[in-house]
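Please find the structures below.
Paired with chain B in one complex and with chain C in the other, chain A is shared by the two complexes that follow.
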Partner chain A sequence: MAVFGFILRRSAQSLIAVIGLLVLVFFLSRLTGDPAYLYLPLDSSEAQRQAFSEAHGFNDPLYVQFGRYLLGVANLDFGTALSRNRPAMEVALEAFPQTLKLAAIAMSLALTLAIVVGSLAAAKPDSLFDRIASTASLAGASAPDFWVAIVAILVFSVGLGLLPTSGTGTPLHWIMPIFVLTLRPFGLLVQVVRGTMISALASPYVKTARAKGVQRSQIIFRHALRNSLLPVITVAGDLAASLVNGAVVVESIFGWPGIGKLMIDAIIRRDFALIQATVLITAIAIFVLNILIDLLYARLDPRIRFQAK
Partner chain B sequence: MTIPADTKQKAAGRFQVLRLVARNKLALAAVMFLMLVVLCAIFGPWLMGNLIDKPNFRARNMAPFSLAQGWAYVLGADTLGRSLLARLIVGAQNTLGIALFAVFFSMVIGGFLGLIAGYSRGLLSSVILRVADIVMSFPSLLLALIVLFSLGPSVTNLIIVLAVTRIPIYLRTTRAEVLEVRERMFVSAAMALGAGHMRIVFRHIAPIVLPTLVTIGAIDFATVVLAESSLSFLGLGIQAPEFTWGAMVATGRGYLSNAWWIAFWPGLAILLTTLSLNILSNWWRTYADPQQRWRIELARSKKGIPEKRT
Partner chain C sequence: MTASHLPTAHLLEVKDLTVDFLSLGGAFRATNGVSFHVDAGETLVILGESGSGKSVSASAIMGLIDTPPGEICSGTITYRGKNLDDCGVEERRDLNGKKIAMIFQDPLSHLNPVYPIGWQMAEVFSAHGVATGAEARTRAIDILGRVGIPEPEKRIDQYPHQFSGGQRQRIMIGMAIALRPEILIADEPTTALDVSVQAQILDLLKKLQVEDGLAIIMITHDLEVAASMADRVIVMNSGRIVEEGEARAVFENPQHSYTRTLINALPHDTADGGGRRSTAEIGKPILEVKDLNKFYGLASGFFGKNAQLHAVKDLSFSVAKGETIGIVGESGSGKSTVARVLLRLNEVSSGEALFHGRDIFQMDAKELLAFRRKVQMVFQDPYSSMNPRMTIFDIVSEPWRIHKDILDKPRWRDRVIELLGLVGLKPEHADRYPHQFSGGQRQRIAIARALACELELIVCDEAVSALDVSVQVQVIDLLAQLRDRLGLAYIFITHDLPIVRHFADRIIVMKSGAIVEHARTEDIFSNPQHAYTRQLMNATPRPKWETAPAAVSLPA
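Moving on to the complex of A and B:
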C-alpha cells in the first residue's frame, strides 16, 4: 500500500520537525526571564520568589527541566498553564477550534471567490473586468491586515455602528474577522488562478475543444480549470501556514479567543507550558494539513505517485 | 576607447524598459511613488528630523486637511501634537531600511547555504534542508514573536528574525538552480582543469544563480515590509523612541474613536508601498516571460487585445 507507506513516512518526517520545533521553543522561551517576577506581587521577598521557582521547577538546570518536560509529553502531560492555573493542553485545545473555524471559513471563501474571479479574469485578459480584478487582488495581497482590521472597525463599528468591535457572541461578530482574514489569501490566489488559467486557455486541448464547438463556459470551467487547480492547491496549502499569521493579528485585534491570541498572551506572560502547548497544536495541525494536501494532490493528478525515495 | 561595442545597445535596452514602464499608467504611478518613498527614506530624517519629537500642544489630535498650524500639520497630528506628515516621512527610513537589511541578509545567507546544499550531497546538505523545512512549515510570525520576545526587541534582532524566516526561500531556489548548473559543461571543464571546489562554487556557479536571487529579493521585499509592520504593530518589533509605519499604526489604535488619522495614514503608506512593489514585480514577471511580453511591448489598441506579434 503505497499510500500508507507515504503517510507513515511523512508522519515520521513531521515528527522530527515537531520535536525540533519543541526543542527550539523550549530553550528560547527560557531565555525570556524569570516568571517569578511576573507572577508574584512586586513587593514579594527573595525567599518567596525562590519558593515559587522551586515549586514550579524553574531552579533546576535547563536540561533537567527539558527531560522532565519530555517525560511529561510522553505521558500526555503538558504541564500547567501558570497564568490560568489549568492544564496547558486543556486551555490550548479549547482555543484551537475557534481559530480552526475562522481559518476554515476564510480559506474556503478565499478559494471559491478566487477561482470564480480568477477564471473570469483569465477568460478575457486585458478586459475591464480583468484589470479591475487584477488590481483589486494585488491590493488585497498587499494590504497590511492589521490596518484593514482597524479601518473596518473605524468604518463599521465607530462610524456606522453596524458591527461589534470584538467578541464572539452573534453571527455579526464573525463578519469582520473573516473578511480581514480572507483578504490576503484571496488576493494571492486570484493571481495564481488567473496566471495558470491564461496558460491553460492557450494550450492545444483548449483550441481543440474550441474547434469542436464546445461552449465557452464549459471550456473555462471544465477543461481549463481542472488542469489549473494543481498549482492553486499548492499555493493554498502554503497559505494555510500564513493564515495562522493572519489569525494572530486578527484575533488580537478583534479579541477572538483563538489559539493566536492565546499564544501572544502566553508569550507576554511568560507562561512556558502554554507557549509549548500552543506551538505543539499549531505545528501538528499544519503538518496534518500538509499531508492531506499531498494526498489530495495525488488524487487530482494520477501522474503523481508516492515514490519511495 | 575601451568601451565595449555593446554598451550602446545595452543602454538602449535599459531605456526601452523605462519607456515600456512609462506606457503602463499603473506601473508608472508605482515607480513614481516608490521613488518618492525612497527619497523620503534617504533625506527625510535630515529634512524633518527636528519635527518628529517636537510636541506642539496647540496641535494635539489636530484633524487633517487643515493648514492652521502650517503645512507640516496637513495630515493632522498625534496625541502629543507631533506632525504626522513629518513622522511618516522620517518613518520611511526605518521601515525601508529594516526590510532592506533583512532581505539582503536572507539573500546572502540563504544563497550561501543553498550553494552548499546544492553542491555537496552529504549529510550537511540534508541537515540544512530539514532545518529549512521546519522554518518554512511553521507560521513565520509566531516564530518571530517567540524569538523576539526571548532575545528582546531591538532593531538588530528584528532584522535577524525577519531574515531567518525568509532564508528558506533563497536556500531552496539556489539549491534547485545549483543542482541544474553543476551538471553543465563549463563546470565539468573547470573541474577537468583542476579548479578547486571553492573556485567552482564561487567563480563559476554563483554568478549564474545571482540574478534569480536578486529578482526573488525584489519580489520578497514587500512581504518583509508587511512582516516587519505586523511585528511592530503587535509591539514586539521596533521600540520607542524609534518607530516604523507599523509601530505608528499601533500607537493610533487606541485613539480610533476620536483621532482616526493617527492610525490611518501610516497604514495607507504601508499599503501604497507594498502595492507599488507588487505592481512592479507583476509587471516585471510579464515582461520577463517571453510568452506574455507582447502584451507589454505592443501599445494597447482601442479594440482590446492587439494582434499577437510573431
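Moving on to the complex of A and C:
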C-alpha cells in the first residue's frame, strides 16, 4: 500500500513537471521559424504561404494556438505531424520502441559488465587487472560517441565489410549501435562501481564478514556489492535517461528509426506537433524511469524502505 | 575437542608480534614484540589507551590486517600448536568464525545494513558448510534466544537499524558464538553502550564463557570493564606490553608507572570523590529553566497520525555563577536535547529559560547574538565540530569575526596565543590544522574557542566521553581551573556517573525525558533516592575478584 501511495504521489509531482515542459517546448519550438517556408515550394507566393499558415492555424495569436493545443492534449489529440500527414503521437509511438529496445540492451550490458569488471578491479586495487580496467573504462567514458560511431563504420562496414552501415532489419544492424551506446555508460559505471566497492570493502561490516570466515567471493558480491549499488544506480539512472531521451547523434549516424532521430527530423522540418509529441513521450519515459529507480533504491536498502513508510 | 596438540601448548599463543603500518610519512610501528597466550575458560584482557596497538594484536590473530598498508614484520601465532602462517588461505578462513570468533566495538557499522540479521547469522553456518536454508534459520533463531533477544522468531527478519545498541551487540555475540568457537576476541565490545546495557553484555559474555568454556581475549581501554572480566591482564602502551599478570595483582599492586597512571586516573578513586568541585562561593542564578518541554515529530505512518516523541518533560532547574550542574542519563534520556534547546539549536515546544531574567526562547535575532557570546557549547566529538580546513587560529578567532566588537583585529593573534596558553597549548599550535592534534588536544581547542567569547556558561555535551581516561582527567582539571579563575558556570551532560561525581556540585538524573532525581552531588552518591539512580550507580562493573571466585569451569 505504501508503495502504491508513493507512486501516486510521485506521479502527481511529475505531472506538474510535464505540464511545465510542454509549455516550454510549445513556445520554444515556435522560435525555429515559419513552417510555411519549408513546406511550400520555394517559388510559392506570399498569398499561398498565408493560406498555408491560415489553414494550420499558425496565424492565430500564440495563446490561442496554445489553448487549442492544451484542449487537444486533454482529448488525447496531439495534432498532425505536418511532415508526414499522420497523427503526431502515432508517429512518435512507432519510433519509441526502437529507442527503448536499444537503450534497454545497451544499459543492461553496460551495467552488468561494469559491475563485474568494477568489482573485480576493486577486489585487488592496483593489480594488473585493475590497471587495465581503469584505463579502458576511462577511455570508454571519454571517447565521444559520434567519433566512435564513425570509426566503427569505417572499420567494420567500409573497411572489413562485415556490418551494415545503417538502418535496421537484420541482427547485424544492432551490433554497432549497441556497441557505441554501451561504451560510454560502461566506462563511467566501471569507475563508479570500482570507487564505491573499494570503500565498501574497507567497511566495518566487511571486517565482520571476514571474522565470520565468509568466502572472499561472497564478501565481494554479496556484502560489499549490494551496499555499493545505490550510487551506481543513481548514475546508471542518469545514463539510462540520456539513452531513452533518444541517443540523437548515434541514431542519426546509424539511421536508426528511433525517437531521437525522429525528434531531430521534426525540429529540422519545423514539425511543431511532432516535436511536442516526441518530447512528451520521452519526458514521461524519464519520469517513469525515475520512479522505478526510487523503488529500486527502497528495494535495495531497508533503511530507505522503512523511512518511506 | 581433539587432544592431538602438545600438552604444554597453550590454546592460542602469540609470540613476538611486530606489526608496522606504512604511510606516506614512513612506517609506524603498531605493535612491537608483543607476546601473550590464552587458554580455555579464561579471560585475558588487553588494556590500553587509543593508539596503544591493542586492537592490532587481535586483528593479526584473525588475519584481518590488510597488507599493505600493514606489514607483519615478525612473530608467530599458534593455535593448538599449529602455526597459523603455515595454514593455507582456505584453512585460515575456515578457522575464523568456527574456532576463533570476534566481536567489535560499534555493532551498527559492523553489521551489514542491507541484510536481515537472520540472513547474516545463517551465513555463519553456510560459510562453514554446517547448515543451510531452513536448518540454518532454525539454529539462528535458537541463538538469538540464547543471547537474549526477545521474540526471536519474529525479529530474525528485521534489519540491524531496527534494534537497539545493546541488542545489536547481542546479535554480534550470537553470530560469534554460533559455531561454538573456542576463542572469542572482543574488541571494546561495550564502549559504545550505556552503562546498564554494558553490564548486561558483560554478564552475557561471562555466562557464555562458563557454558561453552570459551577463552576470551578482551580488548578495552576501560579499567572497570577490564577488572570485571579479567583473569589475567596485559597492559599496552605505544605498541609494547608494559605490564602483565594476574588481574588482581595488576590492579591492586601495579608495578609499571604507566599502569599506575592509568589506575590513578580513575576519577572515582579519589578518597573524597569530589576533588574538582567548585571551591568558590556559589553566586546567584544566571539561568533559570522552568517547565521545559520538547516534542519531536516522528516520521508518520502512511495512514497513521503524526507520532510524537516527548523528548523532554517539564524540566526545571537553575544554574548559578561558578556552579556546575551535571545532567546524567543514558542514551535517549533527552539530556542532549536539553542542551540543544537551551542554545536554541532546536526550537523549544513549551516552557521558559531565563538567562539573567530574559527568556531565551523569546529573544529576537539581535538579543540571541548577544546571548551566544555568553553561552557556548563544547561537543562530544571535537574533530567533527571543527572545520578541517581552518587553522587553529581561524577556529579560535572565529567568534571575533562574528561578534565584531569583542576585539580589534590587530590584537587577535596575541589573544589566541593567550587562550591557547590558558588551555595548555603552545603558541606554535595556532597555525596547525585540527587533524594534527590528538583527541584531548582538540577538546582543549574547542574549550579555547568557547573562551574566546565573554563567557558565563559553558554547556558540555559528553565533552570528555570520547577521550582516554587519563586525558579525561586532564580536561576536567582544566575546566575546573577555568571555573575557579573566571567564575564560569557549567552544564555538564554525560552518561558517566563517576566523572560528574568528581566535578559537579549538583546532579540531575534524567530518564525518558524527565528528571528522576535532582540533588547535591554528595547526597546523590551517599543516599540515592530513586531506584533508577541506584541502578545507574550499580551498573558500574565491579572487579571480578570481588564478585565471584575465578570462574574457570568447563562444561561436562
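One rule holds for everything that comes next: the second predicted complex is superposed on the first by the 300 of 309 C-alpha atoms of A that agree within 3 Å, B and C clash if a C-alpha of one lies under 4 Å from a C-alpha of the other, contacts with A are read in each partner's own complex, and residues count from 1 in each chain.
Everything below uses one rule, namely that contacts are C-beta pairs under 8 Å (C-beta built on N, C-alpha and C of every residue); 3 or more make two chains touch, one makes a residue touch a chain.
No experiment lies behind these values; they were computed from the predicted model shown.
Of the two partner chains placed around the shared chain by superposition, chain C is the only one that A:R210 touches, whereas chain B remains out of contact.
Once the two complexes are laid over each other on the shared chain, residue contacts for A:V249 go to chain B alone; chain C is not touched. Between chain B and chain C, more residues of chain A are touched by B. When both complexes are overlaid on chain A, the residue A:L300 reaches chain C alone and has no touch with chain B. By the touch criterion stated above, A:I175 is placed in contact with neither chain B nor chain C. In the superposition on chain A, contact of A:A2 is made with chain C only, not with chain B. After overlaying the two complexes on the shared chain, residue contacts for A:L28 are found with chain B alone; chain C is out of touch. When the two complexes are overlaid on their common chain A, residue A:V279 makes contact with chain B while staying clear of chain C. Note: no residue of chain A belongs to the chain B contact set and to the chain C contact set alike, using the contact criterion stated above.
Residues 26, 130-131, 133-134, 137-142, 145-147, 149-151, 222, 226, 229-230, 233-234, 246, 249, 252-253, 256-257, 260, 263-264, 267-268, 270-271, 274-275, 277-279, 282, 291-292, 295, 300, 304-305 of chain B are the ones touching chain A in the complex. Taken together, the chain A residues at the contact with chain B in this complex read 16-17, 20-21, 25, 28-29, 31-32, 125-127, 134-135, 138-139, 141-147, 150-151, 153-154, 158, 191, 198-199, 202, 241-242, 244-245, 248-249, 252-253, 260, 263-264, 267-268, 275, 279, 282-283, 286-287, 290. The touching residues of chain C, counted against chain A in their complex, run 62-64, 93-98, 101-102, 104, 106, 109-116, 123-124, 127-128, 159, 161-162, 172, 175-176, 299, 301-302. Those residues of chain A whose C-beta lies close enough to touch chain C in the complex are 1-2, 5, 203-205, 207-216, 218, 223, 226-227, 300-303, 306-307, 309.
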